[in-house]
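Below: a set of structures, written as structure tokens.
Next, two complexes with chain A in common: one pairs it with chain B, the other with chain C.
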Partner chain A sequence: MLIRPSGEDLRIIGFYLGRIFYVVAAFTGLPLLWALGGREWAPASSFVLTIGAFALIAAAATARPPREKALDWSHGMVVVALTWLVVPAVGSLPLALSGHLANPLDAYFDAMSGLTTTGLSLVQDLDHLAPSLNFWRHLLHFLGGQGIIIAALSLFAGGAGLTLYYGEAREERILPSVTSTARFIWGVSLVHLIFGVAALGAIAHYVLGFSPIRSLFHGLMIFFAGFDTGGFAPQSTSVGYYHSAVFEAGAAVLMVAGAMSFGLHFALWRGPRRADTLRNLETRTIISTFSFCLIVVFIGLATLGLYDGVLGLTRKGLFHVLSAHTGTGFSTVPSSELAAWGGLSFVGIALAMALGGMASSTAGGVKSLRVGLTLKFLKDQIKEVLLPENAVVSQAYHQSGRKRLTPKVSQAVMLVSLLYVAMFLIGGAVGMAYGYPLQDALFESVSAGANVGLSVGITDPGMPALLEVTYLLEMWLGRLEFVAVFSLVGFLLSWMRGR
Partner chain B sequence: MLLSVRRGPPMAEIRRERSRWTYLAGGLWVFISEAVIVGVAIALALAAAVLVLWIV
Partner chain C sequence: MDEGALMKRLLVVASCAALLLGVALPAGAQEIVVTVEDLLDSPEEYSVSRVPEIVVHGELIGDFGQRPDGVVWAQLNGDAYAMAPLLAGGELAGPNLGIGVRIPADLWPELADLAEAGGYRLRGPLVRLTGAWRYHDPARGGESYLDVTGIEVYGEPALLEDRAGWLPFALGVFLLCAAAALALATRRREQEH
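This part shows the complex of A and B:
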């Protein structure tokens, strides 16, 4: 029997939602300041409206505070799922009012793509979008990549932290408390922001000859999109705009940094046990899958004969496999050229996108730890079949120390991995129903569901609305790794049918 | 969340180690490490591309 949520349940959920919206409203002040500084009056007024909308919803949600502020598991999951649904809706206001998007659904798609660090975009005439609006799109990457909840937890926590933290698809508590972990994640990001923007800005200024202000702008935008494995870019031709191998290498460093788990960042930061990270199952898995995908793409591209010479093949192949595997979605070729990557090169890129980066990173996809554990489980099963009946197969693996692969963990890992595969296939089927070829439909679906953002051209302002909604849901489900969304569905069912 | 929950080291250990590094110096070290990883990846990818082109 389903139990209907009480008024107190709703007040608890509203209370925490409201606090998170206040934090997001504060962040929206940054593009407002940018717009005022740049005398962009129309975007400035749309940001004022957005801040007002966030504050109004927050005030309404916290109007009747709960008696007990303890947040249980189901409350936390519902708060997380709703946060990731409502923030892009309100955050899409400046985009919808800009005139660069065909309708409010397109604006919501773009904001959801930004927040979930996907990078698929429906903005028209991106090259003439106001800088403050471009900053807002990239700031959404930063907020979503770090985790909106992480942002809120850095400022407030109490007993609510743990369930919200795990709900946002973070498995690893790096430091003893959730608040200190959240602050560490922001510390890592801010330090990378300083070095990343300085490096990219210097390349833009000294190598590409950009003016200092323009170098800073492009450095900042590419940092947000690269470190948070988002994939938006200030120009419609993505990173291809810069025509620079050095700039691509700089962006690649940030993509690698973003796809590394914050636990690995912490291990590198602490120092004493750096070598130990190479023994981790997750590190070994991502090195193996990345190498495999790269070789497959190289063979595919060499067979197609699209790029001449070793340098051309390495530059295009390596950058795109790195972009796909880290879940970033930067591209140096147009969508039409990417669509021509058939055969093995398609398999390699699609596989890299689906596998994704490390768990507890800013990347999407199935995640390397799950892939590693699935392969380990399969290997153990085969061993058990082949060895004598009384032989004992070790089910231990190394991941920041020796761990045991219990049946419960195996089941959970396989379940989430299967859900990802099912989601990719359903998205692909919807694309095929609209007449897109299997290869293109599957590519775009994997790109949306794994929060990557590479496109073969299906995602454009003229795409069917149902397909747009499908990709929207894939981005949401993929970013939250299903559990929080399923909890919200369960909560709504209990509300409607419960007693 | 569905993976095994991994906990960090105890707070006392963190406090002991905190004196040995600063955020900025540690961050620079991590940033350089990531640049080295990309450098190694480029070198290995070049070697792999030569091999693939030679075979294909």
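This part shows the complex of A and C:
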């Protein structure tokens, strides 16, 4: 029997939602300052409206604070799922008012794509978009990549933080308390921000010859999109705009840093555990899958004969596999050219997108730890079949220490992996139903569901609304790794049918 | 054959040769005007190995990257926004269509006076570029770009006006005031409890 949530449950959910919206309202002040500084009056007024909307929702949600119950697991999951639905809805206001998007659904799509660090975009005439609006799009990457909840947890938390932290698809607590873990994550991000922007800005100024202010602008935007494995870019031709292998290398370093788990960042910062991280199942898996996808793409591109020289093939292949595997979605070729990457090169890129980065990173996809555990489980099963009946197969694996692959863990890992595959296939089927070829439909679906953002051209302002909604849901589900969304569905069902 | 007949025959041959040359020569020198969309849709067709020189029109957008090797990199957009920017009342016409262009700095000395190419509130210079379309250039790690050999500016950069949206601003201020009032009322009620 379903139990209808009480008024107290709603008050708890509203209270925590409200506190998160206050934090997001404060962050929206940054693009407002940018717009005022740049005398961009129209975007500035839209940011005032957005801050007002966030603040009013926050004030209304916290108007009836809870009296008795504490935030439990299901509340936390519902808070997270709703946060990731409502923030892009309100956050899409400046984009919708900019006149660069055809309708509110397109604006919502772009904001969701930004927040989930996907990078698919429906903005039209991006090259004339106001810098403050571009900053907002990229700041959404930063907020989403680092985690809105993490941002809120850094400022307030108490005992309620753990469920919110896990709800946002983060699996490891680096430090004893969730608040200190959240602060560590933001600390790592801010250090990367300073060094990343300085490095990219220096390349843009001294190598590419951009003016100092524009160098800083490009450095900041590409940092947000690269480190948060987002994939938006300030110009319509993505990273291809820069025509520079050095700049691409700088962006690649950030993509790799973004796809690394914050646990790995922590281990690398604390010297003594560095060697240990290389033994981790997750690290070994991501190195293996990346190498495999890279070889497949190289063979595919060589077979297609698209690039004459080895240098061109290597540069394009390496950058795109890295972009796909880290879930970033930067590209140095037009989408029409990417669509021509058929055969093995398509397989390699699509596989890299689906596999994704490390758990507890800003990347999307199935995640390397799950892939590693699934492969380990399959290997153990085969061993059990082949070895004598009384032989004992070791189920241990190394991941920040020796751990045991229990049937419960295996089931959970396999279930989430299968859900990803099902989501990719359903998205692909919807694309095919609208007449897109199988390869293109599958590519775009994987890109949306794994929060990558590479496109073969299906994501376009003229795309069918139902397909747009499908990709939107894929981005949301993929980012939250299903659990929080299922909790929200369960909560709504209990509310409607419970007693 | 008498001299007159020979001359007549020579004249016919010369006329035919001139006619053939007349047809052939302009064909070689004829301008091949393509759009940016053509280059994106069929990039290989206009590659320098097939067509030595093409002409492309459009708006220079983004940044003028003045590289140490004496060339300037920019982006050429060949979309509807070049002629009808959104801020000037133009309609939405899909995503931008752009290619990279490499311009030798000495080809356009006036470039040094231009701080930025087109962007927000600025319609970039409209240009007619002549050059070689280097598709997947092995010398530049597989990049595709127009190697410019001639440039003609037919539209100077134009400033566009950004008008403040008073309605969103007023609505935003109202929502902020309402939020502040609600938060204060909540706080007062909590203190009373």
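Worth pointing out:
Everything below uses one rule, namely that the second predicted complex is superposed on the first by the 498 of 499 C-alpha atoms of A that agree within 3 Å, B and C clash if a C-alpha of one lies under 4 Å from a C-alpha of the other, contacts with A are read in each partner's own complex, and residues count from 1 in each chain.
Everything that follows uses one rule, which is that a contact is a pair of C-beta atoms (placed from the backbone, for glycine too) under 8 Å apart; a residue touches a chain by one contact, two chains touch by 3 or more.
This is a predicted model, so every value here is computed, not measured.
In the superposed model, A:V409 lies in contact with chain B only, and not with chain C. When the shared chain is aligned, chain C comes close enough to touch A:G462, but chain B does not.
In the superposition on chain A, A:V188 makes contact with chain B only, while chain C stays out of contact range. Of the two partner chains placed around the shared chain by superposition, chain C is the only one that A:P65 touches, whereas chain B remains out of contact. By the touch criterion defined above, A:L313 lies against chain B and chain C together after alignment on the C-alpha atoms of chain A.
Touch criterion not met for A:V86: it reaches neither chain B nor chain C.
Using the contact criterion defined above for the overlaid structures, shared-chain residue A:L322 touches chain B, although it does not reach chain C.
When the shared chain is aligned, chain C comes close enough to touch A:A42, but chain B does not. Overlap of the chain B and chain C interfaces on chain A comprises residues 311, 313.
Contacts from chain C toward chain A in the complex involve residues 40-41, 43, 61-68, 72-73, 75, 77, 79, 81, 85-87, 92-96, 98-100, 102, 115-116, 118-120, 136-138, 140-145, 162-166, 168-169, 171-176, 178-180, 182-183, 185-186, 190.
Interface of chain A with chain C (complex): residues 39-42, 44-53, 55-56, 58-60, 62-63, 65, 93, 97, 99-100, 102, 123-131, 207-211, 214, 218, 235-237, 240-243, 245, 306-309, 311-313, 315-316, 332-334, 336-337, 460-462.
Listed in rising order, the residues of chain B touching chain A in the complex are 1-11, 14, 17, 20-21, 23-24, 26-31, 33-35, 37-38, 41-42, 44-46, 48-50, 52-53, 56. Contacts from chain A toward chain B in the complex involve residues 166-167, 169-177, 180-181, 187-188, 191-192, 194-196, 249, 252-253, 256-257, 260, 263, 265-266, 268-272, 291, 294-295, 298-299, 302-303, 310-311, 313-314, 317-318, 322, 359, 369-370, 373, 399-400, 403, 406, 409, 412-413, 415-416, 481, 483.
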